[in-house]
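Attaching a single structure in structure tokens format; questions to follow.
Which chain is which? They are A, B, C and D, in the order written, and residues in each are numbered from 1.
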Amino acid sequence: MIAALLLIPVLGAVVAYALRSNAHRRAMLVAVAFAHAAVAGGTWASEPSPWWGGWLALDAPGRLFLSVTSALFLAAALYGVAALRRELPGEREDFEEGFLFDNAPEATFTACLLLFLAAMTLVTVSQSFVLLWVGIEATTLASAPLIYFHRHHRSLEAAWKYLLICSVGIALALLGNFFLAVAASGGRGAPVPLVLPDLLRAAGTLDVAWLKAAFLLFLVGYGTKMGLAPLHAWLPDAHSEAPSLVSALLSGALLNCALLGIVRAQQVCAAAGQAAFGQELLVGFGLLSMAVAAVFIAGQADYKRMLAYSSVEHMGILTLGIGLGGGGTFGGMLHAVNHSLTKAALFLVAGNILAEYRSKSTADVRGVLRVLPVSGMLWVAGFLAITGTPPFGSFLSELTILKAALDQGRTGVAVAYLALLGVIFVGMATAVLGMAQGAPRDARGVRGRREPLLSVVPAGALIAVVLLLGVYVPPVVHSVIAEAARALG
Amino acid sequence: MSDGVDAVLICIVLTSFVLVGASRLGTCIRVVALQGVLLGVLTLAAAESVLSLRAPLLALTIVGLKGAAFPWLLSRAVRDADVRREIEPFVGYKVSLLLATLALAASLWLGARLPRPNPAMSALVVPVALFTIQVGLFIIISRKKALTQVLGYLVMENGIYAFGVGAVEGTPMLLELAVLLDLLVAVFVMGITLFHIRREFNHIDTDQLVALRDWVR
Amino acid sequence: MAALLLGIGLLVGGGFAALLARRSVRWTTFLGVGSAIAGCLAGLIPAGRVLLGGAAPSLRMAWDVPYGAFFVQVDALSALFLLPIFGLSALAALYGAEYMAAHGDGRAPATTCFFFNLLVASMALVVVARNAVLFLVAWELMALASFFLVTHEDDDERVRDAGWTYLIATHLGTAWLLALFILLGRGADSLDFDRFGPASGAGLLFLLAVVGFGTKAGFVPFHVWLPEAHPAAPSHVSAVMSGVMITTGLYGLVRTVTFLGPLPVWAGWVLIAVGVTSGALGVLLAIAQHDLKRLLAYSSVENVGIVALGLGLGLVGVQAGSAPLAVLGFGGGLLHVVNHALFKGLLFLGAGAVVRAAGTRDIDALGGLLKRMPRTGLAFLVGAAAISGLPFLNGFVGELLIYMGALGAATSPGSAGTVPALVVIAALALMGGLAVACFTKAFGVIFLGEPRSEHAARARDPGLAMQIPMQILAAACLLVGVCSPVLIGLLAPVLVQVTGLPIDAVQAEVTRMAHTLGWLVACAAGFLGLVALTAGLRRSLLSGRSVTAAVTWDCGYAQPSPRMQYTGSSFAQPLTELFEPLLGTRRRLSPPEGFFPSAAAFASETADPFREHLYRPAFAGIERSLSAFRWLQHGRVQLYVLYIALTLLAVLLWRLGEA
Amino acid sequence: MSAAAAVPALLALALAPLLLGVTSRTKAVMAGRVGRPLLQPYFDVLKLMRKGAVYSRTTTWVFRAGPVVGLASMILAAALVPFGGVPALVAFPGDVLLFVYLLAVGRFFTVVAALDTGSSFEGMGASREVTFAALAEPALLLGLAAVARGTGSLSLSTMLAGATGPVWAESAPVLALVAAALVVVFLAENGRIPVDDPATHLELTMIHEVMVLDHGGPDLAFILYGATLKLWLLGALLVGLAVPIHTGNAWLDVAAATAGMVALAVLLGLVESQMARLRLVHVPNLMVGATVLSVLALLLTVR
């Protein structure tokens, strides 16, 4: 089953590269997405058997993030059909600076997309720290070309920054792996292979000092990938320049994968009785990320960048939740799900808006509700969901995290948390509502046309799920999240 | 045995210093190549038993990649993109050397604080590795050209690798493989990106890559 | 309970049905409005039953969200608030059917119907919810629905601004409530209301509630959204928002007080202070407005202030252990909540009729409407008299209770409540006088004299669908005033619940008050008799004598013209000038000059002082201080890697330095 | 209630205009004129009642309702005010509030009637009326509250009955302050100098008189009569407070109170012939001053 999860996208990538006709390739993309989603869904029905001697297996956090990733990819793939149709062949004009540019060949794009999926799947299913690391490394390499889909200097710059910064982060994480190995091979007892179950079992024998150091490196290394401030610098550039469906995957799926890396490290620390060691840091990073996000969301002129910073904010929120521990961890995990779905939907809608208005500037976009009724509705709904407004799921998760903070009597944290959420709400509200409402400025020849089904249905479905999670958290999901939270101590 | 390792490690430190002080691109590339070779030697020196096939294989690939392949790739990039041969640092060379010294001190301090990973192995391993990593980071941060950043990244990787080879005893092969994989693809992709950058901007300085930001004077 | 759920179901279902039938305006209206009215009527049943002494039905179902439970209950307090919510909403819906149809801005009223129904349903849910999560969800739904109703005409810049102001204000208000409820349910793994006991730090929680709920209720200085949002919304929505929605804030406050147990002594003082400021500033700002609906919105702030005075007195009474003060204070406050729903709803509906007929909300462009829309005018007059607290109408009764409580406390020597009571008396007296000024202006300038614009001259009474609700509300204002001795009896169970006093103590006070009210009703009868008598006398005197018509005595001016009339601004001028320091009214005067002055102009404008001098600067300041950090995202990749290195160094030194 | 209870109301209805007569006669004497007969106000009212009416085409039924409602509210108020220790026709705890708000009813309708004419003069008068009334109301209510606190009752009848010699003896300053405050209210509410000048009609500085410019015939008669009633009632409050003569005999008390009323009228005449009216901008200060007096009185009782 796990093998299928990994092989489907890889083979898909190969075929996609080979195929000649775009139509076939798009069909194949959707087919692979469906297949992957089906298998991923299957893992809920029947526990997949471990593979490679337990190096690849699916535990609660893995299943949670795997499902989210797979669902998002499905949505992105469907949307991709509509999006790729919009991409005219040959050279097109850049609407910001007016020069001509062309796209990367669609074959490369699709292949990289599928490899990206494979890499993320690997991250979610790997129990071995090394494989986990390899997977995250692979995501970087697979997604860099995706960011550089539109071949012009801005996207190139974004890709370069993404590559360099994340590589540095990854390198640190690698060092973390070494430290962990040292901790595992430490004087007391036989060397422990870097596989989660073994590590958890032998946690007592680990060398604490090296373990702590390893955790710090994992935190900084994977934190870079995850977009925790102040390590987030690549994130807004990449998200704003990449095609919208790529941004959706980066924000919705990739960040979670990086989070998973930190989660694993924290799991080991917790097993070794060092849970408190990491939690302080996580709380700090969480609040800092929210603060930095607030700085750049307030008065942000570019709506895709705004969404990117909002991702930083939410990574902060769920890090804070995990850092608080107890109910907070549950809230954090739940929030990871809510955020992924919502943010992906928002990016997909942003793609529609971008295609219609041909501008990323918040000021240029007016009256989306009139020009693109469905997208406009989703845009507003997504905004409400991302700002934690009932009846959307993120409200519950944010509430849970706040409760954790207050129950622990950490008033300062709670106050800062609420204050930052407030600032960010104000910032996003003025931008989003300003875009959604009013009458369109006719300068850019904006004319409402029927929105192709595939361009709105995926986002709509995601929002619907978030809404559902807001009024009803299915017991099975609840139990998986709870289990994942328990693993973190 | 251990003093052999120490010798290599010290050489690595020296090369790092040279790298920090060097003003010409060509020199840097050559120094990095030299460091690669040194790492190969370290691999051999650190191996418990020379007879095992693992160490020589590893050493060979390391030398092959770090000593030959990447330097060649980079120098070609330099040649094609008629870049000025200077490093153009943000931080002057003297200051850089001073900072490097501080970094060395810091890593010695840190290395002393951390329990010694592998009693059999020289005490210098951890500090040197950390130092090399810091130098790599420093080069990335303090130098202008995209190319120098790739160099810096390589140096950083060298440090990590040194740590791996020196400190981690009986680790699964996987780790070294990971390093190689990382180097391979990372540098490969970076190379491609460099190529694109050159095509786009006709040079490989990064001070052109500042279009994306939220801050305007 | 079944009826209530049925009602809510009808509302929501009807809303969706209206959406589905978007294409045809007739069907939309039929489904939307029909379901709204039906739902409201269904919902009234349990409310009425409980108020008439029935047992409080409750329902608790599991709900699969963290800390959530579907736990609803209709107790006396809920019922008291359900009554106006459903009553006024039903009338407003009926009114809206015609209003929206004629409002025809090309868009089918489907969305309006949907959000209107959603608003009503969520308001009902708010007052019956017994679980914090459920409450908050309903609370935010209420805010969202009303937000979308406010921004119905979102192509207008001002409407959009109003909408954002409202959304942001209400969202920030909710943040305080989140903290409040979580602190109430601290430690517990459930946020059901019945788990909330007397909490430690009750004072802090009380303040959280005052700010959080006060934002919705429109306490000064959290009222800034109110004068923006209410005028922007369609009039029947304004009626509901101003008449009942803001009172859900008061409900929340009272409900919270019932959780908190013994409060610190200053709690009552806080509410009284809030009441005084809200009341006085509210009515003063109302007088200064030119926009009819803004005027009404500010008057809502005033009335909320009056309620706050009552509740504050009640709290003081509870702490001082003085039953009369507690009962009369809370009783007066809660009764005024209902009354306010009646006359404020009526006035907003009337305003809507005027706006539709005359096409403007500018008071100074209206005039002489009583001749042109007599029925609306009569209803509006009743509303104006009621809101001015004139005797024998409902407005007077509520204020009378508060007055009696205050006077009682003031006359009982050595009572703890003396000083607050005197403050309340002074405040109420001032507000009463100012309210008269405010609404003589509103009614007089709009409906009397000569029309000041063509539109006003062509105004006509609206159709039945808009007439009937107004007439019903006017009648209700009269009825509540006349039936007060009976109605006050219904308050008893609510008061027991709120004050925590034994039933017989409450009952005793209520009967004493009913006796006074009985006298009041007798006086009302006498008054009617006297009016009839004098009217008859006048008729008989005039019969057979010459009764002629002429122009208004114009002091010999050659050509009296409507433009010579006293405008609303000039009517309010003495007061605005008197309270200049508080209001900060801006005047622009270009006086007539030369022997043959060509043009002269005078314009005065009173913006909200808090918006101008508190919030605008505050938000600007935050924005500025945030943008001071923008350099972080500097664009140089080297810098970014430096961040990583520094972070690494920091965590290493911090964490390993101590290890 | 006994038949005696009707006495205060009947007296008010019967003698109210007389006060006006006394006042104007006093002013005339002070000015060295003979002056109009004491009963002139009665004559005026009767004369006006016999006249027809002229209505502006602008006006509506509100204009005609104004005087009627105004008079009715005054008459009802008359039933609430005790006189010379004789309790009023209608007395219940809280009637004091009803009394105050009945004045408001009268004001409300007078004002809207004035606005109904669309004349800028009457609008001006109306605007001033509501302004000053709003300022007078706290003074009046707080003053009454002070009395209520002093006498422990919420009904005018018992309050004034309670304001006896002994009470004066113990809390003279309180009652004195209240009385002073009530004097100001008395002057303001009745539109007398120094707040308003009843003698002139067309000054732009007028308040009450200018509001009734357009009324004529019976309407004006009602207004005139209503005004005298108001004068009498507020006067009765003042006298009931300031003349604490309570012999056992009701007739004597009533007589004394009546004498007090006449004295008040004379006093009013003297004041009006001595003082000039204040500039409008200064009137608010007077009102605030009155409020301060009441507050002072209360503070004295609270301490």
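Here is the rule we use: a residue touches a chain if its C-beta (ideal position, glycine included) is under 8 Å from a C-beta of that chain, and two chains touch if they have at least 3 such contacts.
From a predicted model like this one, the values you see are computed outputs, not experimental measurements.
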Task: Both-way neighbours, i.e. chains that touch chain C and touch chain A - done: B
Open item on the list: Using only alpha carbons, which chain's centroid is the nearest to the whole structure's centroid?
Closed with: C
TODO: Could you work out which chain's C-alpha centre is the most distant one from the centre of chain D?
DONE: B
Open item on the list: Centroid from C-alpha atoms only, then distance chain B to chain C, rounded to Å. What do you get?
Closed with: 70
Task: Computed distance of Cα centres, chain D from chain A, in Å - done: 78
Task: Centroid distance [mean C-alpha coordinates] between chain D and chain B, Å - done: 100
Task: Rounded Å distance between chain C and chain D, as computed from the means of their C-alpha atoms - done: 36
TODO: Going through chain B residue by residue, note those that touch at least 2 other chains and give them in order.
DONE: 113-114, 137, 140, 149, 206, 209-212, 214
Task: Per-residue multi-chain contacts in chain A, two or more chains - done: 160-161, 164, 168, 209, 213, 236, 296
TODO: Report the complete set of touching chain pairs.
DONE: A-B, A-C, B-C, C-D
- [ ] Spell out the residues on chain A that touch chain B in their complex, using ranges where they run on.
- [x] 130, 133-134, 137, 141, 144, 148, 151-154, 156-161, 163-164, 167-168, 170-171, 174-175, 177-178, 181-182, 185-187, 191, 193-194, 207, 209-210, 213, 236-237, 240-241, 296, 300, 305
Task: Residues on chain B engaged by chain A in the complex (per definition of touch) - done: 113-115, 117-119, 133, 137, 140, 146, 149, 153, 156-157, 160, 163-164, 167-172, 174-175, 178-179, 181-182, 185-186, 189-190, 193, 196-197, 200-201, 206, 208-212, 214
Task: Touching residues (chain side chain A, partner chain C) in the complex - done: 160-161, 164-165, 168-169, 172, 209, 212-213, 216-217, 219-220, 224, 230-231, 233-234, 236, 277, 281, 292, 294-296, 298-299, 327, 330-331, 334, 367, 369, 384, 387, 389-391, 395-396, 399-400, 402-403, 406-407, 414, 418, 421-423, 425-426, 429-430, 433-434, 437-439, 470-475, 478
Task: chain B partner contacts - residues on chain C that touch it in the complex - done: 630-639, 641-642, 644-645, 652, 656
Open item on the list: Looking at the complex, which residues from chain D come into contact with chain C?
Closed with: 49-60, 62, 64, 67-69, 71-73, 75-76, 79, 90, 92-98, 100-102, 104-105, 107-108, 111-112, 115-124, 126-128, 130-131, 133-138, 140-142, 145, 148-149, 152-154, 202, 213-214, 217-219, 222, 280, 284, 291, 295, 298, 302
